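Chains here go by letter, A, B and C, matching the order in which they are written, and residues are numbered from 1 within each.
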Amino acid sequence: MKPRTGIVVAGRVLLGAGLVGLWTLAHRLLGDQFVAGLDDIAARLWEIGASGVLVRDIGVTLLEAGIGMVVGGAAGFALPFLIARVPGLEVALRPFIAAAMGVPKLALAPLLILWFGIGLLSKVVFVALVVFFLLFFSTLAGIRSADGRLLAVARVLGLHELMLLREVMLPTTLPFVFASLKVALPRAISAAVVAEFVAADTGLGSYIQNAMSQADTVGVFTGVIVVTVVVVVVNAVLDRTQKRAMSWRHSAIGGF
Amino acid sequence: MLKPVSDIAPDRAEPLLEVRDLARTFGARDGRAAGLNVIEGLSLAVTEGEFVTVAGPSGSGKSTLLNMIAQTDRPTAGTIRLRGKTIMDASTSTLTPGWHCQIGYVTQEDNLLPWRRLEENILLPLRAQRRLDDAARARAAALIDTAGLAGFERFYPHELSGGMRKRASLVRTLAYDPPVILMDEPFGALDAQTRTELHADLLRLWSLRRKTIIFVTHDITEAIALGDRVLVLSRAPARVIDEFRVDLPRPRDIDGLIAAPGFARLYESIRQALARQAPRRA
Amino acid sequence: MRIAVQRIVILAVILASWQGASLWFGAQWIPAPVATARALWLQVQNGELWYHARFTLSAAVIGFLIGGIPGAVLPFLIRRLATLRAILDPYLIAGYGAPKVALTPLFILWFGIGLESKVALVASVVFFLVFFITLAGLDSVDQKLIAAARVFGAGPALIAREIIWPGAIPYVFTGLRVAAPYAIGTAVVGELISSNRGLGYSIQAAATNFEPAKLFVGVVALAGIVLILNAVLDFCEKRLLSWRPTGGIAERAQTSF
């Protein structure tokens, strides 16, 4: 039943080669302005790598994503606990939370740029907003999932508020928080790039947007590839970290 | 309706199902250096129409034993024979779950399909075996009636009580009539009252057609109430360490069982046999 | 009753702070609630809102269908083809992980600034979401049900039809549900970046023309659309999956197999 490794590797290589072939073919057939050639992209990468533009733009985008992530993440994690401290508040807030959830956050980019200018601040606020909502909802879900009986037992045992938080609330909430952090980081990068599309003078999104407005297909392809690689690498690193952190979990025996 | 079969002597001639020197080791992994021996050198034999209960401490590999007889798991050593034919040994390469519908398995969980109504669930094995004709339907309907499930045919599993789901899972297996039926603590998670009702139901259903049953439990009362014979398992690695014949007459009155002559003595003997399994220190 | 009162109070607080912020920062930055409502009414009356919303909805719906249908069907087809799955795996994961909204310029380059580029963008987002959630559903179908069915003589075809498919349907639904708001959001991003119609375009145009009231209207309209969409999907899900218990956790005892 298990697929043979040799066949799988061969298949993957073949498929990869096929995709590259398809790309080259598309480049030949459709022409430079639709599909950039691989050699042109490589040359461009070399060029912006040497001139420092590549590192600067990646740096700017990651900085925006990073600060926004920290600010939005901290707020999104803390607020649900504050709400949970006021009995009944969460229930009262539900329709408003649902409405807030309904707003496509990415549509707010123009508004934030209007308010905070085209510089770093608007991007950070935008990323923070996107991350805030992700964290807020999952932390809230985690708190809601905290077992009522477990909480009751803990109270009976005489745990005071702070211990309750540490011994019961945090352990039940943390898996939700970690799961959403994992979703949030690539999202944060995307958000920064989208905000840069709308208005910016540095960053990967701005690089792509400039290339597009100058009909520089090679530039668009190069920028898009760099963004994709950055996100995929970040994802892979997160996956690796998570697997290591969670390794204690697999210990069941038997079963089918 | 089906007629109860009158008495037959359980211990005649050769066994219907025979387990010999069975062993099961779970592989070493996840930091455990050695493998885990769950079963070792376990032998038992069951004759046609016999109701055998297997009592053992928790974690003594009872489920694993039934999994191997039902062929949803593979033994590390030993053989399993049905009517003298080897159906399973360590060299068997492909599992044949249920051995061509000869061995039914009522599991701990009811395993009813949540998206199918009760009646559809019960008829599913017959449909799978392409045996769903009018006679089969009639037999299933009679069983549903006997199990007290009449009127609930159109209910989804989640709309039924735990006891009803257990009955349904029992009827699902009885309806396709496998010669051997394995039961793995099917009434484990129920309250005492419901359990007693289900014991009575099971014995009533069994009396319609005396199937061969291997019933696993950790409850001594249950083991005596249902079985012709009680086998006692040791702690892991499990094997059969003792055997008791239950001479209580059938049909049995489950409610008055504890007062029945001989019950207390039998209970005590089995309890002591189990208690001799001093807890192992790790 | 008390909750209703609390909610009215909260709503009042939100509106009052909105009004306060508008006065404090100036209406040119934050339009007052009343001004926003008036702008909304105006745009509803002159048909401008519907003109843009129709475009966004078309992009979202068409893209949703083009991406969602293969996303839901493909996992069923490749479920048992272990080798093919293993080969495709890294490519699909890369496709899933790729930041699709960041690829918008490529779609615009290929499909122009009209509806097609938004449809393609939405489809690419929806496909991967639905595909992976459905595949996860197929893989997570209760193995005990399958084992129990094998014991009573069910073959692969029956197991697929009776257990795996019905077991995976809720996941297909989850996939579609999760993807639906994304479809709207992605269409809007496409319009923000390059378009001449749609709510995203309307928001972007309002920002460049310095018309915050119009911008707010666009955002409010989007939130309304997503909320209605969610309500509709909730309703469909309840109707189609009637076999599922509503609320409560199905207690599952210690294992048998």
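As a working rule, a contact is a pair of C-beta atoms (placed from the backbone, for glycine too) under 8 Å apart; a residue touches a chain by one contact, two chains touch by 3 or more.
Just so it is clear, the structure is predicted and the values come from calculations on it, not from any experiment.
Contact counts per chain pair peak at A-C. Each chain gets a centre from the mean of its Cα atoms; the one farthest from the centre of chain C is B. The central chain here, found by comparing per-chain C-alpha centres with the mean of all protein C-alpha atoms, is C. Mean C-alpha positions place chain A and chain B at a centre distance of 52 Å. If you average the CA atoms of chain B and of chain C, the two centres end up 48 Å from each other.
Centre-to-centre separation between chain A and chain C, using Cα means, comes to 17 Å.
Taken residue by residue, chain C touches two or more other chains at 144, 147, 255, 257, whereas all remaining positions touch fewer.
Counting partner chains per residue, chain A has residues 256 touching two or more of them. Within chain B, the positions touching two or more other chains are listed as 72-73. Residue ranges of chain B in contact with chain C, taken from their complex: 63, 66-67, 70-73, 97-98, 100-101, 103-105, 107-109, 111, 113-116, 124-125, 127-129, 156, 158-159, 172-173, 176, 184-185, 188-189.
The touching residues of chain C, counted against chain B in their complex, run 144-145, 147-155, 158, 162-163, 166-167, 242-245, 250-257.
Those residues of chain A whose C-beta lies close enough to touch chain C in the complex are 1-4, 7-8, 11-12, 15-16, 19, 34, 88, 91-93, 95-96, 98-99, 102-111, 113-115, 186, 189-190, 193-194, 197-198, 204-205, 208-209, 211-212, 217, 220-221, 223-224, 227-228, 231-232, 235, 255-256.
Looking at the complex, you find that chain C touches chain A at residues 3, 6-7, 10-11, 14, 29, 82-88, 90-91, 94, 97-99, 101-106, 108-110, 143-144, 147, 181, 184-185, 188-189, 192-194, 199-200, 203-204, 206-208, 210, 212, 215-216, 218-219, 222-224, 226-227, 230, 255, 257.
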